[in-house]
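Structure provided below as structure tokens; questions to follow.
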Amino acid sequence: MIGSKIRVEMKGSEHHVLEGTLNSVDDYLNLHLLETVEIVHGERARSLGSVILRGNNIILISPVE
Amino acid sequence: MIGSKIRVEMKGSEHHVLEGTLNSVDDYLNLHLLETVEIVHGERARSLGSVILRGNNIILISPVE
Amino acid sequence: MIGSKIRVEMKGSEHHVLEGTLNSVDDYLNLHLLETVEIVHGERARSLGSVILRGNNIILISPVE
Amino acid sequence: MIGSKIRVEMKGSEHHVLEGTLNSVDDYLNLHLLETVEIVHGERARSLGSVILRGNNIILISPVE
Amino acid sequence: MIGSKIRVEMKGSEHHVLEGTLNSVDDYLNLHLLETVEIVHGERARSLGSVILRGNNIILISPVE
Amino acid sequence: MIGSKIRVEMKGSEHHVLEGTLNSVDDYLNLHLLETVEIVHGERARSLGSVILRGNNIILISPVE
């Protein structure tokens, strides 16, 4: 999935969803995303750029077509 | 259970339930589901396709008959 | 406790309680229950049959007499 | 602390507090309590008897005098 | 930081903050505090004495001057 | 990223965001930040100074420009 665009649902608050290009992943499923955008109620809400997502707080990963 | 249809209840928000065909599972109970559908209030709400579910955020797994 | 009936309180939503017969348990306290019933406000609410409960999301286990 | 009475605050719902006699503890801080009582708003609310508390969902342990 | 006074923010309920003197810490960041006081809305609310705080449920540790 | 300013979103309560200078990070993604400031609704709300953030309760890390 490296290099492809993914959608990641995180814990923390309800409906915390991010989309970005997967740059790297480690053994703990920590993800490094590029060009990351926060999605609120299905809309692109905020541009976050390069982010690290903590693996144990990921709920769900799915590909973005 | 590989190849069979399962129902998975996740943490994150209340009543976050997914159904799909179990494609693979690793040592951390991370699940790869195919033809995944999100279930809201017992109804098929959204089609997600291929998803990875993080093992430590799974609450409950049960078979779908 | 294998073969005996237990009550398990889970994380996820408030008062998420399950009762079932303990079929097996692994090193991570993942539980496999049979004839599992969901308990809501002290009442048997829904029959779930065979379920796997993720160990790290278990709050409390107690025997059912 | 084995054999002494302790107060344990758990995750799951707000103010989920239990008191009991510590029977055993393992490397993961999983606790086995005897004569366990659930405490709601500072009052003894419900008698649970023998319970296992999952270590990673414990917030705080303190002695009961 | 052993022997110094620290402020610890815990998971469980919102704004769950404790202050105490750090007596010991283990590899999992489990903390043993002495003379612990619960802080609610910035006020010293309740004296807890000797407490064990579970490392994985700690959000933030900061020194108290 | 050592020495650079980062923004960290934590679990615990909704929109719990901190900004600070990354002083060190360990294998568990525990972070030591200096000159840490709590951000509430996008505003600098409270100065916390030197803080330790527990790795498993981090949701997201992003650079601050």
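Chains: A, B, C, D, E and F, in written order; residue numbering restarts at 1 for each.
Here is the rule we go by: a residue touches a chain if its C-beta (ideal position, glycine included) is under 8 Å from a C-beta of that chain, and two chains touch if they have at least 3 such contacts.
Everything numeric here is computed off the predicted structure, so don't read it as measured data.
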item: Number of steps on the shortest touching-chain route linking chain B and chain D; value: 2
item: Chain labels contacting chain C and also chain E; value: D
item: Same-site or different-site touching of chain C by its copy chain D, using the half cut; value: different
item: Superposing rotation of chain B relative to chain C, computed on C-alpha atoms, to nearest 5°; value: 60
item: Most distant chain from chain B by Cα centroid; value: E
item: Chain centre separation in whole Å, for chain F relative to chain E (CA means); value: 18
item: Chain C and chain F, separation of their C-alpha mean positions in angstrom; value: 37
item: Whole-Å separation of chain centres (CA-atom averages), chain A against chain C; value: 32
item: Overlap residues in chain D, where contacts from two or more other chains coincide; value: 10-11, 56-57
item: Arrangement of touching chains [line / ring / star / complete / other]; value: ring
item: Going from chain B towards chain C, every chain in order around the ring; value: B, C, D, E, F, A
item: Chain C partner contacts - residues on chain D that touch it in the complex; value: 10-13, 16, 18, 30, 36, 48-54, 56-57
item: Residue ranges of chain C in contact with chain D within the complex; value: 9-11, 14-15, 29, 55-63
